[in-house]
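Labels for the chains are A, B, C, D and E, by order of writing; each one numbers its residues from 1.
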Amino acid sequence: MNALFVITGLGIVSLLAEFGNLKRWLTAFVLVGLTAAVILAALDWNTTQRYFSDMLVFDNQALAFTALISISTILWFWLSVDYFATQTHRTDRTSLVIFAVVGSVIMASFNNMAMLFLGIEILSMSLYVLAGSRKDSLSSTEAAFKYFLMGSFATGFLLFGIALIYGATGSFHIHTIAQTIAANPAGLPTFFYAGVLLMLIGLAFKISAVPFHFWAPDVYSGSPTTVTAFMSTVVKVAAIGAFIRIFSSCFVAVESTWSLVLQVIMILTLVIPNITAVYQNNVKRMLAYSSVGHVGYILLAFVSSPTETGTIFYYLTTYSVSSLAAFSVLHLVEGNSEEITVDYFNGLFKKNSWLAVTITIALLSLAGIPPLAGFFGKYMVFAQAINHGYTSLVIVAVITSLIGVYYYFRIIIAMYFNESSAPSITLTASQKMLLFVLIALTFALGLFPDVIMTLFRA
Amino acid sequence: MVKTVPLDYYLWLAAALFTIGVLGVLYRRNAIIIFMCIELMLNAVNLLLVAFSTYLNDASGQVFVFFIMAVAAAEVAVGLAILVMMYRNTKSVDINILNRLKW
Amino acid sequence: MLTLLLIFFPLVAALLLFVFKPQSAKSIALTAALLELVISLVVVVEFNKTGGPQFEVNIPWITSLGLNFSAAIDGISLLLVLLTTVLVPLIILSSFSKTYDKPSTFYGLILTMQMALIGVFVARDGLLFYLFWEVALIPIYFICLIWGGEDRGRITFKFFVYTLAGSLFMLIGLVYLYFQTPGTHTFDIQALYDAGRSLSSTEQSLIFWALFVAFAIKMPVFPFHTWQPDTYTVSPVQGTMLLSGIMLKMGIYGVIRWLIPVVPGGVAEWGLTAVIISVIGIIYASCIAIVQKDFKRLIAYSSIAHVGLISAGIFTLDAVGVQGAMIQMLSHGIIVFALFYIIEIIFDRTKTRALSELGGIRNAAPILTTVFVITMLGSVALPFTSGFVGEFLLINSLFQYKPALGAIAGVTIILGAVYMLRTFQKSMSGEANSRTASFIDLTGQEKLVLYPVVLLIIIIGIYPAPLLEISESAVNTLLQSISAVTASAN
Amino acid sequence: MENSDLAQYLPIALMFLFAMGFIVVTMIATHALGPKRKSKVKLDTFECGIESKGNARVPFNIKYFLVAILFVLFDVEVIFMYPWAVNFKELGEPGFIQMITFIALLLVGFFYLIKKGALKWED
Amino acid sequence: MSEFLIYKLILVGSVFGITLFVAAYSTYAERKVAAFLQDRVGPDRAGPFGIFQPLADGMKFIYKEEIIPVVSNKFLFVLGPCLAMLTAMMAGVLIPWGNTLIIGDQVYSLQIADLNVGILYVFGVVSIGVYGIMIGGWASNNKFSLLGAIRASAQMISYEIAMGLSIIALIIMTGTLSLGEISAQQAGGVGGDWNMWNVVYQPLGFLIFIVCAFAECNRTPFDLPECETELVGGYHTEYSSMKLGFYLFAEYINMFVSSAVISTLYFGGYNFPFMNDLGLDHNTISIIGTVVLFGKISFFIFFFMWIRWTIPRFRYDQLMNLGWKILIPLAVFNIFLTGLVMILLK
C-alpha cells in the first residue's frame, strides 16, 4: 500500500511539475519514486495488509505484482527517454504513465469489484490518451480510438457481470462472494453463472485472449512504439494480475462454469495469433500477435491449476523483460518511420551488433529457447500442465510455440542473412547500458529462476 | 419501500438494454452512435445495480452506480477528445475509414 | 571439479574472446581449445576404467524445478568428450587459412558449442541434459546463418525448427517422467531410470517415441533426415564439421544414455522398428549418395548411411553392437571431419564442388590424394582403418540380431565402396581440367590438421583396444541393468 | 398509495401533461391562425440582410468543446458530494477529512487545467 | 384515491396557471421597471397603465406568421422552443408554495410533490433546458444562432458546476435534499423559536447561487447568448411567432422558478419572522406564508430586472473566468468552511 501511495503521489507531483521549475528533474524524480515503491513493496513482504475497509488487500501476490510493475516501468522509462524529450508533453505524458501504473497496482491488489473496476479504468483511460499521443498521425489516432472503443465495450461486459454477481451474492467483496458461493453450492441463481461468464469475457478482452483480441494488433501497431512497449508489458501484467486474482481466489469454487470456456479460449489463443503472426510483415503487429499468443501459455498454466499463481508470475516476469528488450531495439531501429517492417532489420548485425544481439536474445527468450528466461517460463507452464494431466493441451502449446519460432526467426534471419544499404545506427552509452541490463536480466532470470519461483512458496 | 415490480422485470429490461447496446456497438458505423451504445450498456448495468441494491436493501450497489457514472463521464471525455482528434485527421466520424490497420 | 572445468572452460574462453582484439580471436580460441584437450587428457589419465561414473559434481541449482547441476563422466561419456576435445582444436586450426567476418563472434560460438556438447555428454540430470542439448543448437545455428552460403536463411531455419521440434517432444517426455518420480520430484538420472522402468508399456512406448524422435532428428535417421543434406551444404565448413563430426553424436549418445535405459520396455517393443528404420535409412542414403553430383552433399548422405548403421547396432541391445557404435562414432567423427576439410580445400582452389567439374587432382596434389585415399578407405571400412573396427562390430551384432537385416546392412559396405570410389575417380583421377590444372598441394597448416587425423584413423584401426576398454565397463553395466529389468518383467 | 414511491411522481406526471398539452395546443393554434405568405427571401436565414453564404454548421472553437468535457467531469465529481453532504453529521470528522482529500485531488486537476490554459479565453 | 387525484389536479392546475400568469406579467413588469429606471413611462396603451399589454403580446405571438428557414432542420427547429418551455414549466413542481392546509381532518400540502431528491430534481430539469437552446440554435442553421447556442450552453454548464457546489454547503447544514424539509427547517425565524433563514449562515453560498442563477437564466449581465449588438438575436434569431414566445416565456418562467428556489433555500420560503408568535391558527399562517413567499419571489424578480438595467454585460472571457476561476474555488472554499465550522461546533 505504501508503494501505491508513493506512486499516486508521484503521479500528482509529475502532473504539477509542469508549473514549478521541476521539469528537468522529473525523470530522475520518477525513477527515484518508482524505486522507492519497489523497496516499500519489498519491505511489506509477508505482511498482508488491508485498506479502505478491505477494498484493497496487499498480500504477497499483490506485492509481487506491484514490484514487477514498478520495475518494468522503471526499465520502460529508461527505454523511452526520447518519448519524454518534447518539452510540451513531458509532464502530462509522465503523469499519465504513472497513473496507468497506479491503475495497474490497484488491479493487482483489489479485493472489491469496485476497485477492480476503478483500477481497470484508471489504467485504460491513461492508455487511451497515450495510444493517441502522436496527434498528427492517423494510425495513432485510430489506435487510440479502437482501444477506447474496445476498452469501454469490454468494461460494459465486465460491469454487467459484476452487477449480476452482486445481485446473486449481495456483495462486491471478493471474499464475501467466495463465502457465499461456498455456503450455497447449489443455491445460487442462474444469473450468477451468467455473471461469471460475462466477467470472463470482459477480462478476456482486457488480457486480449482470442476471440476478444482483435483490437490488440491494431492498437499495438498504431500506437507509438514506446507506448506499445508499455502496453505489452506493464498493462498485460496488470490485466493478467487482475484476472488471476479474481478467478483464482473467488470463482475457483465454480470452476466447472468457466473451465471449459477458458480451455477453448486458451486453445484459440494459442493457435490463432501464432498462425496469424506468421503472415505479418509489420514487426509491431507481429509482436502484438506474439503477445496475444503468450497469453495463451499463461492461460494454459491457469487452466491446469488455477491456484498456482507462481508459475504465471514467473512467466509474466520473463515475458516482460524479453518484450522490453525486443521493444527497445525496435524503438531504436525504427527511427522516425511509422510502420516498421521486417526489412528494417536487414543486415542489422553488420550495422549494429549490440542491437542485433539484444533482439536476438529477446526473441529467443520469447520463443522459449534455453537457457534464457523465456524457456523456463514456458517450461514451468508445460510442467504444471503435464502435472495436472493436460498433456494433450501441452502438445498443442508445443506446436504453437514452434510456429512462434518461425516468425521470431524471420527477424533474426533478416538481421544476419539479408543485406542492407541503410546507414548504421549509433547508440548512446545509456542505450547500450539499457540493452546490457535487459540482456543480463534475460539471462539471470533464466539461470536463476528460483529467485522468483520461491517467492510464492512461503 | 414497496417493491411492486418483480426483480425479474428489471433483469430482463437491463439485459435487453445491454443487448441493444452491444448490437449497436457491433453494427453501427458512426462513432458517436457507438459511443452512445456503450453508454447504453453502462446504463443497463446501472439500472440493474440499482434494482439489486433496492431488493437486497444494500446501499453499496448504488455507490457502485456512482462510480460507474463518474468513470463513464471521464471515459466520454477522453473518448470525445479522441473523436475530435480523429475528425481532425480524417474529417469524418465514420469508423469504416479506420480500416487501415486491419491485417 | 574437473568436470566443471571441462564444461565451463570453453565458455569462459569464449567470453574472453570479446575482451581482446578481433584479430587475435583465432589464436586465443586455438589455445583455449588445446588447453581443453589437455584437461580432457588429464581426465583420461585419471579415469578408472572399471569405476562407473566418476568426477561427479552435484550442485543444487533450480530447486523448485528439481534441477541439480549434476554431472559425471563414465566410459561412454569420456569417449565422446574426447572426440569433442580432439576435434574442436582441429576445426579451429582448419579455419586458419580463412578470414571470417566478426571473428570474435565466430570463435566464441564454436567454443560455446564445445561447452554445450561436453555438457550434453556429461550431464546426469534430465533437465540439465535437455538444457545443454538446446544450448548446443544456438551457436551452430548462428554459425550456419551468419557465415553460411546461398539460401542459408531458409535452410538453417528448417534445421533449427526440425531439431527444436524434436527436442520439445523430448522435453515433454522428460517432464512426464519427472512427475513419475516419487516424493519430491527430481530429474536425477537414476530416478528417471527407475521412474521410466516402472511405467506401463503404453506409457513407455509413448515416451520412447517422444525421445526417439528427438534423437532421430539429431542423428539424423531416415525419414527425419531431410534437413541434413542442405544444412551441411550451406554451412561454412567449420559448421559442417561441428554438425557431422560431433553434434550428430549427441543423438546417438542420447539413445544410449537417455532412451534405452529409461524405457527398456518401450525399446523392447519398438526396437525392431527402430532397427528396420535405420537399415532402410542406410540403403536409402547410400543409393542417394551414389547419384549425387555435389561432393559435399555426397558426404552428407554417406553420413546418414553411417549413422543409420550405428543406430541399428545400438538397438540390437548387444554389448558388441554398442561397443561397435562407440568406436564407429569416434571413427566417423574424425573421418567425416577430414573429408569435409578436404572438400573445403578443393573448393577453395577450384571454386566448385561439382564432381563433374573436378578431376586430375591426383597429379597436381599427390599428398592431398594420399590423405584422401586413406580417409576414404576409412570411410568404406577397409581393414586396418578405424572404420573397419566399428562397422565390423556393428554388422556382426546385427547379424546376430536378425541375420537378414545384417545382410542388408552389410550391403552398405559395398554401396559405400561404390560411391566413394566413384568420387575418387571423378575428383582425383582422370584428366585435369582448367579448374584443377594449377591445383596446389597441401600447405603446412593443412597438413597440421590432416596428418593427425590420418594418424588417428590408422591407429584406431590397428589398435582400438584402449578405446574399447574405456567404454567397456560402462556399456556392460548399462546393458546388464536393462536385461535385468526385461528379465524381471518377463 | 399516497406514500408509495410512484405516487410521489404522479403530480409530476400531471404537470408534464399540463405543460405538454399547453405547448401542443399553442403550437397548433399558431400554426392554424397565423398567415402563410412564404417567399424565398423570407425563408432564407438571416444575416443582417446580406445574402447568406454557406452552411452554418462549421467547426467551432475547441474551447467550447473543452468546456463541455470539463463540465461533464466536474459535474459528475460533484455528484459524489451530495450523499456526503446529506450524511455529513453522521459521517463526522473522518468523513470530512476524506472528502477534503477528494476535493483536494479534484482541485489538483482543476489547478492543472487552469495552469495549462484550458480555461483561457482571452487570446 | 380520486380525492387525492383531484387535490393534486387542482394544485397542479393552479401552479400551472400562476406560473404562466407570473411569467406573462413579468414581461410587463420588466418593461415598466426599465421605464422606471430610465425615467420613461413604459407601456401604457393597452388598458389602464398598459395592464393588458401581456395579453396583447400573447395574441400577437399567436397571430404572427410562422417562419421556418428552408435550410433548417424542421423537427429540431420546432423541438427547441418546446423543450425550453417544457423544462421551464417542470422545474417549478417541487417548490413548496406554502405550508399545509388543514381542512377537516385532512392535511393538504401546498407543495405539489416533495421528493427526497428535491434539489437534484430541480438541477436535473434545469440542465435539460440547455438542450432547448442548443437544439434551437443549431437547428436554425444560422451562424448567429449557432454562436448564440454554443455560448449559451458553455455558459450554462459552466455555472451549473458552481451552482451545484454552492448548494452542497447548504446541504451540509440542512442534511436533506428535500425542498419541503429545507423550508420547514427555517420555520419561525427571528424571534419565536429562533430559526434563522439560511442566508444568515450561508451568505457566501447565497451570493454564489444568485450569481449562478443569473447566468443560468441568461439574464444580464450574463446574456451573452442573445446579445443583440453582436449576435442579432442569438440562438433565437430565426424564431418568430409562438416559438419565439416560448423562448421568452421560458426565460421568464426560469426567472420565476429561480426566485422561488432562492427564496426557499435561503430566505425561509413561506416562513416569515414571528410567524409562530402571532397566535393565529395554522391555516391562516399558511395562507399568509404563501403570500409572503410570493412577496419574496416578486422581490427577487424585481431584483433580476433591477440588475438588468443597472449592470452592463460582461465580456465572454470575463464571464467564463468568473464562473470557473472565481465562483468554483469560492464555492469549494465555502464547502470547506461550512464543514469545518460544523465539525468544530459539534
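As a working rule, a residue touches a chain if its C-beta (ideal position, glycine included) is under 8 Å from a C-beta of that chain, and two chains touch if they have at least 3 such contacts.
Note that the structure is a prediction, hence the values are computed from the model and not measured.
Visitor: Which chains, if any, touch subunit B and subunit C both?
Guide: A
Visitor: From subunit A, what is the lowest number of touch steps before subunit E is reached?
Guide: The fewest touching-chain steps linking subunit A to subunit E number 2.
Visitor: What chain lies closest to the overall centre, CA atoms only?
Guide: Centroid comparison flags A as closest.
Visitor: Looking at C-alpha means, what's the farthest chain from subunit E?
Guide: The chain farthest from subunit E, judged by C-alpha centres, is C.
Visitor: Looking across all chain pairs, point out the one with the most C-beta pairs in contact.
Guide: D-E
Visitor: Measure off the straight-line distance from the CA centroid of subunit A to the CA centroid of subunit B, and report it in whole Å.
Guide: Chain centres of subunit A and subunit B, defined by C-alpha means, are spaced 26 Å apart.
Visitor: So how far apart, in whole Å, are subunit C and subunit D when each is placed at the average of its C-alpha atoms?
Guide: For subunit C versus subunit D, the centre distance works out to 82 Å.
Visitor: Averaging over Cα atoms per chain, report the distance between subunit A and subunit D in Å.
Guide: 41
Visitor: Distance between subunit B and subunit D based on Cα centroids, please, to the nearest Å.
Guide: It comes to 20 Å between the two C-alpha centres.
Visitor: I need the residues of subunit D touching at least two other chains; which ones are they?
Guide: 75
Visitor: Any chance you could list the residues of subunit E touching two or more other chains?
Guide: none
Visitor: Two or more other chains in contact with one residue: find those residues in subunit B.
Guide: Touching at least two other chains: 74, 81.
Visitor: Which chains are in touch, pair by pair?
Guide: Touching chain pairs, listed by label, are A-B, A-C, A-D, B-D, D-E.
Visitor: Please name which positions on subunit D make contact with subunit E in the complex.
Guide: Contacts found on subunit D: 1-2, 7-12, 14-16, 18-20, 22-23, 26-27, 29-31, 33-37, 42-48, 52, 55-58, 60, 64, 67-68, 71, 74-75, 78, 81-82, 85-89, 92-93, 96, 99-100, 103, 107, 110, 114, 119, 121-122.
Visitor: In the complex formed with subunit D, which residues of subunit E make contact?
Guide: Listed in rising order, the residues are 1, 4-5, 8-9, 11-13, 15-16, 20, 61-72, 78, 82, 85-86, 89-90, 93, 112-115, 120, 138, 140-147, 150, 153-154, 157-158, 160-161, 164-165, 168-169, 171-172, 175-177, 232, 237-238, 241-243, 246, 316-317, 320-321, 324-325, 328-329, 332, 335-336, 339-340, 342-343, 346.
Visitor: In their shared complex, at which residues does subunit D touch subunit A?
Guide: The contact residues of subunit D facing subunit A are 105, 108-109, 111-112, 115-116.
Visitor: Considering the complex alone, what residue numbers of subunit C touch subunit A?
Guide: Touching subunit A: residues 61-65, 102, 105, 130-131, 134-135, 137-138, 142, 145-146, 152-153, 156-157, 160-161, 164-165, 168-169, 171-172, 175-176, 178-179 of subunit C.
Visitor: Give the list of subunit D residues in touch with subunit B in this complex.
Guide: 4-6, 62, 65, 69-70, 72-73, 75-77, 79-80, 83
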